[in-house]
Amino acid sequence: MFFASDNAGPAHPSVMDALVKANEGYAMGYGADPIMDEVRESIREIFEAPDAAVYLVINGTSANSILLGTMSQPWQTIFCSDCAHIHEDECNAPEFYTGAKLTLVRTVDGKMSAADLKTKILAEENRGVHGPQRGPLSITQVTEKGTIYQLDELRALTATAREFGIKTHLDGARFANALMALDCTPAEMTWKAGIDTVSFGGTKNGAVGVEACVIFDPDLAWEFELRRKRGGHLLSKHRYLSAQMQAYLKDGLWLDMARAANARCAQLAEGLAGHNGARMLYPSEANIIFFEMPRSEHKRMLDGGAVYYVMNGDPETGDPDEPLTGRLVTDWSASEEAVSQFLSLLRG
Amino acid sequence: MFFASDNAGPAHPSVMDALVKANEGYAMGYGADPIMDEVRESIREIFEAPDAAVYLVINGTSANSILLGTMSQPWQTIFCSDCAHIHEDECNAPEFYTGAKLTLVRTVDGKMSAADLKTKILAEENRGVHGPQRGPLSITQVTEKGTIYQLDELRALTATAREFGIKTHLDGARFANALMALDCTPAEMTWKAGIDTVSFGGTKNGAVGVEACVIFDPDLAWEFELRRKRGGHLLSKHRYLSAQMQAYLKDGLWLDMARAANARCAQLAEGLAGHNGARMLYPSEANIIFFEMPRSEHKRMLDGGAVYYVMNGDPETGDPDEPLTGRLVTDWSASEEAVSQFLSLLRG
Amino acid sequence: MFFASDNAGPAHPSVMDALVKANEGYAMGYGADPIMDEVRESIREIFEAPDAAVYLVINGTSANSILLGTMSQPWQTIFCSDCAHIHEDECNAPEFYTGAKLTLVRTVDGKMSAADLKTKILAEENRGVHGPQRGPLSITQVTEKGTIYQLDELRALTATAREFGIKTHLDGARFANALMALDCTPAEMTWKAGIDTVSFGGTKNGAVGVEACVIFDPDLAWEFELRRKRGGHLLSKHRYLSAQMQAYLKDGLWLDMARAANARCAQLAEGLAGHNGARMLYPSEANIIFFEMPRSEHKRMLDGGAVYYVMNGDPETGDPDEPLTGRLVTDWSASEEAVSQFLSLLRG
Amino acid sequence: MFFASDNAGPAHPSVMDALVKANEGYAMGYGADPIMDEVRESIREIFEAPDAAVYLVINGTSANSILLGTMSQPWQTIFCSDCAHIHEDECNAPEFYTGAKLTLVRTVDGKMSAADLKTKILAEENRGVHGPQRGPLSITQVTEKGTIYQLDELRALTATAREFGIKTHLDGARFANALMALDCTPAEMTWKAGIDTVSFGGTKNGAVGVEACVIFDPDLAWEFELRRKRGGHLLSKHRYLSAQMQAYLKDGLWLDMARAANARCAQLAEGLAGHNGARMLYPSEANIIFFEMPRSEHKRMLDGGAVYYVMNGDPETGDPDEPLTGRLVTDWSASEEAVSQFLSLLRG
């Protein structure tokens, strides 16, 4: 009954096998390993983007920060949601790598609307050299609240950005989960929807620690490489990043894992929705659930062995009837048994 | 006959086994995994430093940059050798993480002398607020030229620094190789010799990609953690760093691997020294050799299957008698066979 | 009828005289001129702060940025109002000098409340190393909307900050105007109210271009000096900054000028309040007025020779009845005649 | 007998008159004042560069740093002399504004040679993404040692840079003194010699505090403006910068002042050259002299009322025969009487 984080689960055995297999003999470092050549081609095919620049880094913070650094200038402001990971959970890494600031767009169910984005963009226009200049837009898909931008919502956001000459980054730490939810192609969810660069997550979906940075305009490639190196994010023994991504993509493993995670989450959501006293805070559209429940109920679940975060209060102490927010996240390895056990426990 | 780089060799099978073993079930992320608790204790024991703060990162550039960032201020200058990795090979990462500049101290055989260091320190003293202020000293051990600072040389450098209130960082990307060469304890080569922080390398010596940052003054710990996060270098699935380091340290594996690498290097050095036409450029004291040989001889070796870098010219084209510099590096996996084969080929 | 900005008016003749008088013979540069010694003592007396560190810079952006840099760390967030000059009008200079980000506290009439500040501070507490850490608070007095924090409001804000170990900066670009409005002492409006550092403005109140940075904790002095130099803000011919400030402070000239500016503004406000069709947007408590009036009325005033900014639309084109926002600012040199002329024109 | 610094002298009375004259009524701020329009046109004419972008800042450190920031990227290294002001005397401001590092080229008599520059440029070419990339070249004219690059020397340096696609900045803190020494046009000493941007100094040559930044490629103009603002170097009451520069340029005042300064310096140099016991360290070609003399002689001069810096030792204490280095700098206001008095005192 571990639903605390998709960062805390194991890597898929195929990923580990690939690591072990890659560990033979010598290989050129710093991305010049032959596996990377394969990975680059696979990602270009998957995205139907034969010219895309493709790089690997160790985690989402570095993927987001280096991509945004490559897309922005230090006198700009980056538009993002008011609950964006780049704003809340990266300890100023985006500011460090870009020199820019962030302009927060309000969200409903974790999602920005094109209209709200436009209001914020317009607000940055009237002060000439005095105010921060308009920089890129960053969209998180799956959102931090577990919701999904529909394709037309994505297109509306990027179209609004494009009106003002603004490029768009997609923080796809849970890219695969979103793709499964939308049942569309990677191209449809990215460049066909107006996205310019993608943090293509692997870590939360069964890898050891790897994210691909996909840049549809290859003119930015060399600057990205320099920024990655300057941030200390170019690995010498790069083959171990390549091998993870190779296994991740092979035979659709990444999609299977996301499908499984989403399915487990849907089961949990269904059970919670029917539970007296629990209330879903946002539509659960991928592999994350935020729900409200009385403290006493949370305590009962945690005491019973469920593992998840209670976000806004101590489940042990305080008014037993006070509603507290819980967060459940499923990863590829969450079992049907764990889900059933959780739901049984919930029903009491 | 692969002697191009200790970055290009495989990880030790025990390290891979540890990775696979760590890949079971759920584990708290971001350094809160139980394996890290073990690793921290092991490193404290190894360094006889029960209070030391210990962190893991993915590579040497980030270890050096974050440690130096923690030790310096953006209006300072960092003293280092004129061939230091932090100066030559990190694409301004140290400047990015510190905001400071570097003051280069000249080297003989890759090593700074205390007298030259003092001259440079004194040169930064006369300009009050106008000039950069004195920041930390960074020493590389094994040096970039494959030589070793003797303990008294280290102590002389740190004593000179300390005269001016300057703290010292050790870039120990090849820490184990140095230790084997000096046949001393980690404490003797670090805090007993006046070192304040250490980049304790694993990557070049049989790991997949892990370096420990050891900080003897635990008051700096929290700042280090914030700087690591802000640089995007805190891993979510941290257990895979911990597991590598755990295996690396277990039963002295790290020392065995360094011993092997140094022994192979010594054999190569002995063979080269006896070879007509080859000339050692620096004493080879660990696992690196720089040597000069006519272009035609390099070409003969490379054509014969030896793999190594020729640093200052194209071995294929030009005056066959012109002397060119070759670099050989051995890692733990270099075999006696490869060495014999190389030396046979050399003898012709 | 020039009410566009207090940045656009002339310097007081006494300031110019002081500049000319200072221009005799040689004087040590970089702040070592004897006039600076006088200025430092005057400011310490005025603030009843015998140990305060006192420095001069050329403008408000640099005063704010260097002070905030001295008070914060690059992994922190600085709390300020959602209409703060440091957020809106300094093109990321605060971010450049601090490396930090800004957390915006909502305002009513340009002012933050202690309760809203507390909410924002608390929101930054739950994410450990992942989120930005709590940095200093910056308060603008006179606010950007022309209102004034009462002393108890200031004290409530700084007390809230202090609960969390947070220091407070006062952006006093219009310090003198605020002081006249509150009829209190500089000490009461600053350190007695819990303020730690002050940007003490001169430029908008009759100087050529000078602001004092007042730091009540002298331990921060040397870091401030280094940050000022590194930002290129230490003037070689510093005597010309000193002389301005000397004349500004002499015989209460600074207070006289602020008193005059506030008085002219009060007359304008009174006239506007009585004008059919005009509406004050905020209480005008110092030397700034924001008011709403139909487009046709703005057009009539501007055509009649009044000079001021219309903030949110073109007064020339559009629905004549649409209400637009105008901003009037008075400086020391605004004449009673100009005010009368403006009000006559308004009455039609 | 004040020869300590050209930063310590007064501004020319015409400059002060212009300041006073500019102090009438209202003027648009931030560079939109009408005097700036005149100044811009004057500088374009003086440089025969009708398209040049022209901006004013308060001092040389900001001029150099913002120009270099506009010309470089944070992963580059800037080539400059080993005694450059940007390296030695700006407390990391160039690093702060650029993010780049500096590569020092050795000097003879304060001047780099094209051959030495080429060696350093070539040394930065072999490490791909690992090493810093080649950024701009910065040349100081008059050099920090008081010598002058001849036009062919300038052309040789910029041609070498241009071979590698490198742009060149001229630190002309003493631009006028150099021009008088070379007896050439501003165009000949800059863009006709391959210079791309110029810090055109006023402060050391009779202004209160103003330098023009001249950028021959107007495509860089907007970025410069944003960088200036972000550094806090855009003045609100900009007219006082404009007025200084207007007076400085009017009727060749700037050239007259430099001519006077150089002439006084030449007289000092001639006298020193004939003095038993004094030795010129570099050819004195503009308004600076470095000379060596026994400590006892320095002491005698200083006791007699001469004011200048002794660079490398205390003139009061130590072996009276030990040679110490003195530096004399003349500005526009140095009188013939002061020079005669100095030389009489020297002769004893």
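The letters A, B, C and D name the chains in turn, as written, and every chain counts its residues from 1.
Criterion: a contact is a pair of C-beta atoms (placed from the backbone, for glycine too) under 8 Å apart; a residue touches a chain by one contact, two chains touch by 3 or more.
This is a predicted model, so every value here is computed, not measured.
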**Message:** Give me the step distance from chain A to chain C, shortest route via touching chains only.
**Reply:** 1
**Asked** Which chain has its C-alpha centre farthest away from the C-alpha centre of chain D?
**Response** A
**Request:** Let me have the rounded angstrom distance from the C-alpha centre of chain A over to the C-alpha centre of chain D, please.
**Result:** 51
**Asked** If you average the Cα atoms of chain B and of chain D to get two centres, how far apart are those centres in Å?
**Response** 42
**Prompt:** What is the distance, in whole Å, between the centres of chain C and chain D, each centre taken as the mean of its C-alpha atoms?
**Reply:** 34
**Message:** Can you pull out the residues of chain B that are in contact with at least two other chains?
**Reply:** 30, 74-75, 90-92, 96, 129-130, 133, 226, 229-230, 234
**Request:** Using the touch definition up top, name the residues of chain A that touch chain B in the complex.
**Result:** 2, 4-5, 7-11, 13, 16, 19-20, 23-29, 57-62, 65-66, 90-93, 96-97, 203-204, 208-209, 226, 229-237, 240, 307
**Item:** Residue ranges of chain B touching chain D (in the complex, touch as defined)
**Value:** 74-77, 88-92, 95-96, 99-102, 127, 129-133
**Prompt:** For chain C, which residues count as touching chain B in their complex?
**Reply:** 30, 73-75, 129-130, 133, 225-227, 229-230, 234
